[in-house]
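Note that chain A is present in both complexes that follow, paired respectively with chain B and with chain C.
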Partner chain A sequence: MTTTQAAPRQEPGAPEPQERSPSPARGSGGGRLTPPWLPWLLQAPALLVLGGLLVYPLLWVVTLAFQDFNLRELRTGGFHWSGLDNFREILGDSTLWQVALPNTVVFAAVNVALTVVVGTLVAMLLLRLGPWLRGVLTGAIMVAWAMPAVTGTYVWVYIFDTSDGMVMRLLSTLGLADPDTTNWFTDRAAFFGIATLNVVHHGFPFVAITVLAGLLTVPKEVLESAELDGAGAWRRFWHITFPLMKPIFAVVVVLSTIWDFKVFTQIYLMPGGSGTNREVLNLGTWSYVTALSQNRYGSGAAIAVVLTLLLLGITLVYLRTLFKQEEL
Partner chain B sequence: MRVTSTGARGARGVARGVVGGLAALGLMTACAGGTGGDAEISTADGEVDGSGKTLTVWIMEGTNPDAEPYFEEVGAAFEEETGAELDVQFVPWAEAHDKFVKSIAGGTTPDVAEVGTTWTPEFADAGALVDLTGAVEDAGLADGLVPGLVEAGTVEDELYGMPWYSGVRSVIYRTDLFEQAGVEPPTTWDELVEVGEALEQQDPEMLAFPVAGDSEFGVAPFIWGNGGELAVEEDGSWTSAVDSPEAVEGIEFYTGLATEHGFSSPAATTWDEADLSDAFARGDVGMMVAGSWTPAALLEANPDLEGKIGAFPIPGPDGGLSPSFLGGSHLGIFNTTEDPDLAFALVRLMSTGELAEKWGDQSGYFPGTTALLEEIEAEGDPLVAPFAQQEREAGKSVPVTPLYGQVQGKKTVSAMLQEILSGKADAATAAEQAAAEMDEIFQRG
Partner chain C sequence: MTTTAVPPAPTAPDGAPAYATDGRGGPRAPRRRLRGRLGNAVGFVLVLAFSVGPALIMFSTAFDARANDGSRSLLPSDPSLSNFQTVFGEAGFGRYLLNSAMVGVGTVLASGLLALLASVAVARFRFRLRTTMLVLVLVIQMVPLEALVIPLFIQASSLDMLDSLIGLTVVYVAFSLPFAIWMLRGFVAAVPVELEEAAYLDGASWRQMFWHVLFPLCLPGLIATSVFSFITAWNEFVFAITFLGDEDKFTVAAGLRQFFTQYGTDWGSVMAGSTIITVPVMVLFVIVQRRLSEGLVAGAVKG
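Here is the complex of A and B:
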């Protein structure tokens, strides 16, 4: 996202920079120094890499979604256009409406909310700490952030192991759970509860660090004068800090939404998450199981396209509402 | 321990393959169209001159705990015979299927590779493997091959995988616990329940017979033993059969060991075979369905079990044996090879005679030729002979069609087991759902 926004900034024809001292690129004699093709040439390596790694696969997934594409086609090449068949199959599949879509949307909503709230609270805590303690705490949450998703997932699965994980031991000592009758991973709510702990734990450090950076820019004088006028902490946050930091929250929420929507590793690697427990499939794991475990690349790609469209839609609506309010 | 040879992948094992799983969809798209001429073997039995050439070979990692010295020996023997060198690469089972698929797409397949028996029809159907029928006949090898492996490697009457080794699941049990409880290995299903009850009575903490939910090959013997089938072929098209009365009764008995008799635990509902072996190695388990390759790994994980492990073939409902999945590996030649004759010379060298026998000894698997198999049975090792008996008398293949690979990929049978074990559905309902899912895949073709 950021890269695509950054690229056109120097596009000729943008009215804004004219007021400032004209850059040599734009000056009347500047053409000699900087021919119009030069910016493109300089961008070429980056554009090539982006094109090869991002645009090409993306377009390929989209074309796959309209084909009947299996292992044979993968070897021999060739196109078997099937029109909207893949989409018809997916939209008519109860797995989408009863399982994958609710699992994806509800999980993302809960996790984005929790991640942002926990991250913001931690950021506000960090703001109040002295430099030394802040360093220690930042270091600690960085470890959570740096841990690879695979490792993190196995740690959480290990903690919640139903025969002798530490949570089960604690709860059974307290008489709250019985390992002879319970397996959390076969229960939809418990399964996603554990996944939520994992994802929020892995995601909140980013929010905390970003929000902290924003909080440091909020002018102290404004907050102080508000306090003198008798505004409590709650009002100061909602009436001063939050409005000032709206762009930062927008970024944090959009990025978290994207990450939590397409969460894959954390679900796939949990017991039952790779397809044996059909209740816990989400769009990501469903797409993977269809495309790569069954070699039905066309259908898998169609699911991926549906996921991408959904995500784009939600992001657009969210950004629109957010910045519309601001303009008013 | 590794489900090897079957294509089923334990969640843990997948870890490495899934690092960056999100990228997977992107990755799979990066490959378009393959190459690969239609290689044919012309000399199956004569001298092949391979001096100055190198064959690339993929071998699955973990079948033989220490495979490198073995392949140094193979390399030396091959160089002596043909003058060609070998470049042997070891591929972990868990990521092998994806790796094969990607290389098939990119035209970068090896010359010769070990191919899990359930993958052979899939790759053959995609046109990636060389037809070995004529070459195997010319070399005079056709008659001595283990029938189950030949069946698994045959697509439309043509053989695409040379049987290399095979393995079969039976029951591994704790001899010391059986002795304490005064019970003998069961020979019928009723006896199996009685033995389980005796073990539970002796130690209620013990899992007498854990039923792993993510193990399709655990339930298969009970479906087959009761006269049921996973799917049946008629006039070239397949129909599911897991919801037949015989199959459902078998499934009911097997899952009933957990839900009715309490020989298992709720945790086992999400176990795969690796988790099952771990529990056995910890000493928590009395009996389990496990492969002939498992004892060595169990003893390595827990040396205290030395002398306390035995095996018996899976009993039939009223005596006899229940058939068990006969898995293993083929040696396949991929059609990207530049020298099919040289490749076949290697296949012949590895799958026959002394080198084949040595591989079996080291890995705990059985050779792909009947002559060698009979030799092993005659030796009568108590941890080997029951498996050899199971393989010879009651070894069975899963439906040999690339479509069944899709059924396995979708984990239809495991999903059915977990539904029943977690109490979400009864055996009949879950089996009906599984059957519908299989039929959908079969009909789509």
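Here is the complex of A and C:
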């Protein structure tokens, strides 16, 4: 961390904050002793990087979706417009309707529901524990949270390994599965079941910690008096806790939705997930495989645009909830 | 950062036992209390097992010399460091670690500096960029990586920047910037303006004020933010496998893939490599976890 502290002084490309000129709006404007262009200068480098590496590529991927851009174009640098051909191809492809879209939408719906429910239950459990046990359990779920997606996925694949993973051993000892004939990773439902375990395991800690932070602010007097009036735990949750925590739940749900919609690593790294088994493609892996494994960049870009538009809709909802929360 | 705590309601005293624990002395049947205790215990064990189970399996396999003969249990059957020797020896994981560390540190330095400057602008000046920043944070949360990786791959290949760790670093800086700015904004906003004014009254220039007042006071936030930037770069996988084809340039996340061959998977090495990747992240994560949920949810609220 010492490197961080030393950093800015070594950075030659940094903008030079100018000496303040004595004249502008001194005193009255809430301590504005700085020239009006200073804020622009301060954020120019950040905006430049963001513009060049986020905004520009996004605009580019949209134009790419309307181009016939393949390996030849990548080599020669030329391209030609193809109008809506890429979109026509995708929308007419049964992969979209029967595979990628259901794999994305159903998977996200199931995972968001599970993540939020599990996370909330864990938060309520944390609330009921004494300080010491709560500390232990918080530490434990941090371990789950900190597990990188790449390594987490490998561990789940290992646990469910079809030749001699733990689960297969257990099931075959019990006579419930035969290692020679069972392959979970080629079966769509089982594949996504394992992916669900992985994604929920990775996602519930964020929900639990955030919801716990909210639960701690629910005034206990209200809950106690409701209990004295005979309200059970279920009713107390739905009539007191939940309404108070609505903004937090909104944020948690929408963020989880965004993350689970665009889940990539956890699918791509599973056996067959990188395109060899087309049954288990979702929009993200389909786009990636089309563009970068098959070198059909235009078509891949069109899929990415479709996915982005889906996510854009969700984000608009998120923005609205956030700004509503701000008004409170 | 505590000022940016999430919700609108009055805050509970820090660390105080929650309302539902006990000490309530209400008219509660002892049997119900017992059942509650039992429920807590069962829940505790279940959550504990689910949370740390995968990590434990990873560790025990990594330290098990017989990981690949199908001896699978929660404790290593033949404890040894042989998997780590393979990983560092034949597999050249040391090189990947070095690459990842360089990319991570580069990302931290660049995004820390850029984010600090930008967050001062966003937090301190009467300047309508706060909404833009928020939108950018959301955009980077929202945009699927494929939408960025496709054009950036084309760009990088036309510039001959594939296989360049600097190119990868620049991409990661862009990814970590919006969140870093959003988080740092809260820290800058928490520094009282009066302190700045006092510095000006003492004759300091803006630059002096920045380095001697704002910077030291924002340092804890800068460190927390840097940790997240580092983790972003360290964990990133999609750009790493897309941009890097030369084995000498692999980062750790990309390097793990070589243990999966068409002849089978060397699970002992995979888990040893995974352990090497995971442990630093876990350590850093524990240090700064509290800021994460606050930053994600609350960055927008205060300021």
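Going forward, the second predicted complex is superposed on the first by the 260 of 328 C-alpha atoms of A that agree within 3 Å, B and C clash if a C-alpha of one lies under 4 Å from a C-alpha of the other, contacts with A are read in each partner's own complex, and residues count from 1 in each chain.
We adopt the following convention: a contact is a pair of C-beta atoms (placed from the backbone, for glycine too) under 8 Å apart; a residue touches a chain by one contact, two chains touch by 3 or more.
Source: prediction; values computed, not measured.
Student: Output check: A:109 vs chain B and chain C. Expected answer is one of first, second, both, neither. What do you get?
Tutor: It touches nothing on chain B or chain C.
Student: After lining up the shared chain so the two structures overlap, which partner does A:47 touch, if you call chain B first and chain C second: first, second, both or neither?
Tutor: second
Student: Identify the partner contact of A:258: answer first if only chain B is touched, second if only chain C is, both if each is, neither if none is.
Tutor: After superposition on chain A, A:258 lies in contact with chain C alone.
Student: Please determine whether it is chain B or chain C that touches the greater number of chain A residues.
Tutor: C
Student: Touching A:156, do we find chain B (first), chain C (second), both, or neither?
Tutor: second
Student: Would you check which partner chain A:185 touches, where first means chain B only, second means chain C only, and both and neither mean what they say?
Tutor: A:185: touches chain B, not chain C.
Student: On the A-aligned overlay, A:171 touches which partner chain: chain B = first, chain C = second, or both, or neither?
Tutor: neither
Student: Thinking of the overlay built on chain A, is A:74 touched by chain B (first), by chain C (second), by both, or by neither?
Tutor: both
Student: Pick one for A:227: touches chain B only (first), chain C only (second), both, or neither.
Tutor: second
Student: Determine, under the contact definition given at the top, whether A:250 touches first (chain B), second (chain C), both, or neither.
Tutor: In the superposition, A:250 touches no partner, neither chain B nor chain C.
Student: Enumerate the residues of chain A that count as touching chain B in its complex and touching chain C in the other.
Tutor: In the superposed arrangement, which is not itself an observed complex, chain A uses residues 53, 56-57, 60-61, 64, 74, 77, 148, 150, 154, 161, 163, 262, 264-265, 268-269, 284, 287-288, 291-292, 297, 300-301, 304 for both chain B and chain C.
Student: Can you name the residues of chain B that touch chain A in the complex?
Tutor: 9, 11-12, 14-15, 18-19, 21-22, 24-26, 28-34, 36, 98, 101, 104-105, 122-123, 125-128, 213-214, 265-267, 269-271, 279, 402, 405-406, 409-411, 414-415, 417-418, 421-422, 424, 441
Student: Spell out the part of chain A that touches chain B in their complex, as residue ranges.
Tutor: Counting only chain A, the residues touching chain B are 53, 56-57, 60-61, 64, 71-72, 74-78, 148, 150, 154, 161-163, 179-183, 185-187, 262, 264-265, 268-278, 284, 287-289, 291-297, 300-301, 304.
Student: Which residues of chain C touch chain A in the complex?
Tutor: 5-12, 15, 17-21, 24, 26, 36, 40, 43-44, 47-48, 50-52, 54-55, 57-58, 61, 70, 72, 105, 108-110, 112-118, 120-122, 124-127, 129, 134-136, 138-155, 157-158, 170-171, 173-174, 177-178, 181, 193, 196-197, 200, 205-207, 210, 215, 219, 222-223, 226, 234-235, 237-238, 242, 253, 256, 265, 267, 270-271, 274, 277-278, 281-282, 284-286, 289, 292-294, 296-297, 300-301
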